[in-house]
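The first chain written gets the first letter, and so on, giving A, B and C; residue counts start at 1 in each chain.
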Amino acid sequence: MSQNPQTIDQSCKIDAESAFNFRQRLPALAEKIIASCDDEACYSHIDYEPLHSETAVIDIIKRFREILFPGYFGEQKLDPANLKYYMGQSVSLLFDTLSDEVTHSIRHDCLRYDQSCSNCSESGHQIVLEVFEAVPQLRRVLATDVRAFFEGDPASKSYDEIIFAYPGIFAIMVYRIAHLLYLKEVPLLPRIMTEHAHSVTGIDIHPGAEIGEYFVIDHGTGVVIGETAVIGKNVRIYQGVTLGALSLPQNAGEQLRGKKRHPTIDDDVIIYSSATILGGNTVIGKRSVIGGNVWLTESVPPDTRVIMETPKLIYKKENL
Amino acid sequence: MSQNPQTIDQSCKIDAESAFNFRQRLPALAEKIIASCDDEACYSHIDYEPLHSETAVIDIIKRFREILFPGYFGEQKLDPANLKYYMGQSVSLLFDTLSDEVTHSIRHDCLRYDQSCSNCSESGHQIVLEVFEAVPQLRRVLATDVRAFFEGDPASKSYDEIIFAYPGIFAIMVYRIAHLLYLKEVPLLPRIMTEHAHSVTGIDIHPGAEIGEYFVIDHGTGVVIGETAVIGKNVRIYQGVTLGALSLPQNAGEQLRGKKRHPTIDDDVIIYSSATILGGNTVIGKRSVIGGNVWLTESVPPDTRVIMETPKLIYKKENL
Amino acid sequence: MSQNPQTIDQSCKIDAESAFNFRQRLPALAEKIIASCDDEACYSHIDYEPLHSETAVIDIIKRFREILFPGYFGEQKLDPANLKYYMGQSVSLLFDTLSDEVTHSIRHDCLRYDQSCSNCSESGHQIVLEVFEAVPQLRRVLATDVRAFFEGDPASKSYDEIIFAYPGIFAIMVYRIAHLLYLKEVPLLPRIMTEHAHSVTGIDIHPGAEIGEYFVIDHGTGVVIGETAVIGKNVRIYQGVTLGALSLPQNAGEQLRGKKRHPTIDDDVIIYSSATILGGNTVIGKRSVIGGNVWLTESVPPDTRVIMETPKLIYKKENL
């Protein structure tokens, strides 16, 4: 593009005196900002244990992934000769990192809310050992998910592609790990993990949800699965599906914390894109199929297909 | 899986002569690609000031976050003894980075469009000082957002969880910073900042929108808030909500640039998931509630609940 | 906030004996996890060529972007003097990285599925040279996209802003590169590239789709464009639009792999937010306009505007 761009001349530079004058005003501003840390209306986190670093959380998820799908994600080629050393080392490193972070979560809340001693470090180590006990079973469940993805998606070319590249599998894997930690009442960390997966995939699964094996989320962007949702085996859902709560009264936060607010989806159900299913008493019966864009706040019996009445569309000739 | 994998043999390697032959063809291809930089139909950015680095923009957001929510995100534990030094240093570093980038944005457009001298560096420093003046107030407003999140969401466990992990708070924080820069007519940078938040959270807020305090976006994926939207105090919106423009005629870009095209949402309104509200003259009155999936192109009076007529659903027994 | 935070005392630490006892239990757990790699039900990737590193894929996309939009993304200022060297070097580096990764994809599948020799390395180099031949044309097509974005979006301030910050342009660029590789039957890599763009933008375009020039995706979060979709020239789509397959029978994966399952969109069509168009025989005729939220499983003739019948809404006075 043959324009005549100008170049930086003297007028683009700030002179030394001006620069000095601007910087002179900085300490007073910094003081005001520091003073605002005492503002009772604002949130600061001073004199508490630091929260997690995002790097540590991402690191935990990566290490877990290497153990749950061995050979898929490491830089190194795994073969029968090095497998044992590689996995042993990975397990050991993950143990250290994860028990640090779990300990950290427990200790943070203990000190933050003046709880009596929670034996944070003992608990942290103990919980991670229990989670590790569950890894072989977790691998089996994730393998059912992978198979269900392949069977349900004509665009998938191989298991490798699904494991390596599909956002749905990543989100489900992170959820399944976080759910184990949630069941053991680890604070903060499970939600931080699923929110990382939400950021990467657009799929928002609360770690409290209960989800059976052979679970598929296709495309996935916009999916929301609430804290008290219960999902059976062999359920398939598409992008934009919400399993949510009914509309909330004022101060719902306080009143409804801990109550079942999200639906139950029985085995072998399919829910197409952008369907919305709301309410803690709503049950979708076995083998039912919920069509795209359907909006449901009531239960559906088993073996039922629910679709929108063909929406009336208006066709107009365009003025040309 | 007991397959018999092959290993790389000689046939997997390219011989030296072939490799040489392939590389031989590269310079001619590179020449054609370079020549295409003169193609008037294409876009190049040659002889102009470089645009922002993504790293610098992410760095600014991170530093801002440390100042707006002190102690939440740094690696270091803040306590009353080190607070002053830590915050002073953070403010000073952010001042340098941000005034560089603001200067850079102004200078880029000045040179790009042959404007008369915009005193880019003076303006850049001056604008950042003014933004810093607003930080204590910005902290107060963000604290109202955090409280509104907690009150409205039964799944939230603590303020810490909301501040540290909720995508809605991150998107709102970035928007509120970018909006300050937008009001001071900084080019490029505000939109680059909100698009970063869009990428991280799936929430797309144009920096030009005006949004009051106590603002909540829950889940958030798919939310779009247009440039000229105006949102009052204590408004809560859910995933997939669009506050957009009516359908646009040809060349709308030119005709409508700068006009109010997006709706006004008054105080205390709740908008449930995937509702769409369009048009610059559309006003949702105070305390009204817009149900999920509702599609609105007209105003709604105050104190009104708008829901879809229960959509007709068709229930069929599945053939088994 | 003037609370009295506790500090870490002795009880927060784990004693040496406990730590030793916990670590003692690790080898047995590691053994079980390693043993689970022999579990036929699970997925491991042992004794195969490693898959791609995410870093390498991101690197390829970044380098491509520097070549397709010269001067926009590098750290260095490009001017007529250094342009040739910079571009030559970029092209050469991309050649090496990309031919490695393409070779890698071909070899991986060759060894994984015991195919006869695929001359992976020769093919890898040959394919990348052919892709490079196409770069000047690719630049021209991407420039049509940029112009279409600017003309259609009143919120856009400049071409620079669109190229540098708009997620739609990023997703389209990655798709157009991946589509070239898909046409040359490179396995794995094209999908990995578009899934990276999906993660960054919320826009999920399968590399198999065919898309004409002057293509616009505005906002984009939640857009899904299926593998066998065909899109003409000058088409504009908004956030949440799905171009998908009709609902699938059991084992659809196997039966439908390779068949046309997604719609055809003719030239000059606009599809507003959250419209869903499904089915391999569905054709949207030239110059037609599909309104927001419309759900279509049948063809639409040219020059037709399709909107939802004004949805019946229920207005209730709120009890105050």
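Here is the rule we go by: contacts are C-beta pairs under 8 Å (C-beta built on N, C-alpha and C of every residue); 3 or more make two chains touch, one makes a residue touch a chain.
All values derive from a computational prediction rather than experimental measurement.
**Student:** Between chain A and chain C, two copies of one chain sequence, what rotation angle (nearest 5 degrees) aligns their Cα atoms?
**Tutor:** 120
**Student:** Determine whether chain B and chain C, two copies of the same sequence, contact each other through the same residue numbers or different ones, counting it as same when over half of the numbers at the interface appear on both sides.
**Tutor:** Copies use mostly different positions to touch.
**Student:** CA centre of chain B versus CA centre of chain C: separation in Å?
**Tutor:** Measuring from centre to centre gives 20 Å for this pair.
**Student:** Send over the residues of chain A in touch with two or more other chains.
**Tutor:** 43-44, 46-49, 112, 202, 221-222, 240, 274, 289, 293, 308
**Student:** Given the complex with chain A, which residues does chain B contribute to the contact?
**Tutor:** 40, 43-44, 46-49, 67, 69-80, 83-84, 87-88, 91-92, 95, 99, 107, 110-112, 114, 117, 119-122, 125-126, 129, 132-133, 135-136, 139-140, 142-144, 146, 150-161, 163-167, 200-202, 219, 221-222, 239-240, 270, 272-274, 289, 291-293, 308, 311-318, 320
**Student:** Going by the contact rule set out above, which residues of chain C touch chain A in the complex?
**Tutor:** Touching chain A: residues 1-8, 11-14, 18-19, 22-23, 25-27, 29-30, 32-37, 39, 41-53, 108-109, 112, 187-188, 191-192, 195, 198-199, 202, 204, 206, 208, 221-222, 224, 226-227, 240, 242, 244-245, 247-248, 251-259, 261, 274, 276, 278, 287-289, 293-296, 300, 303-309 of chain C.
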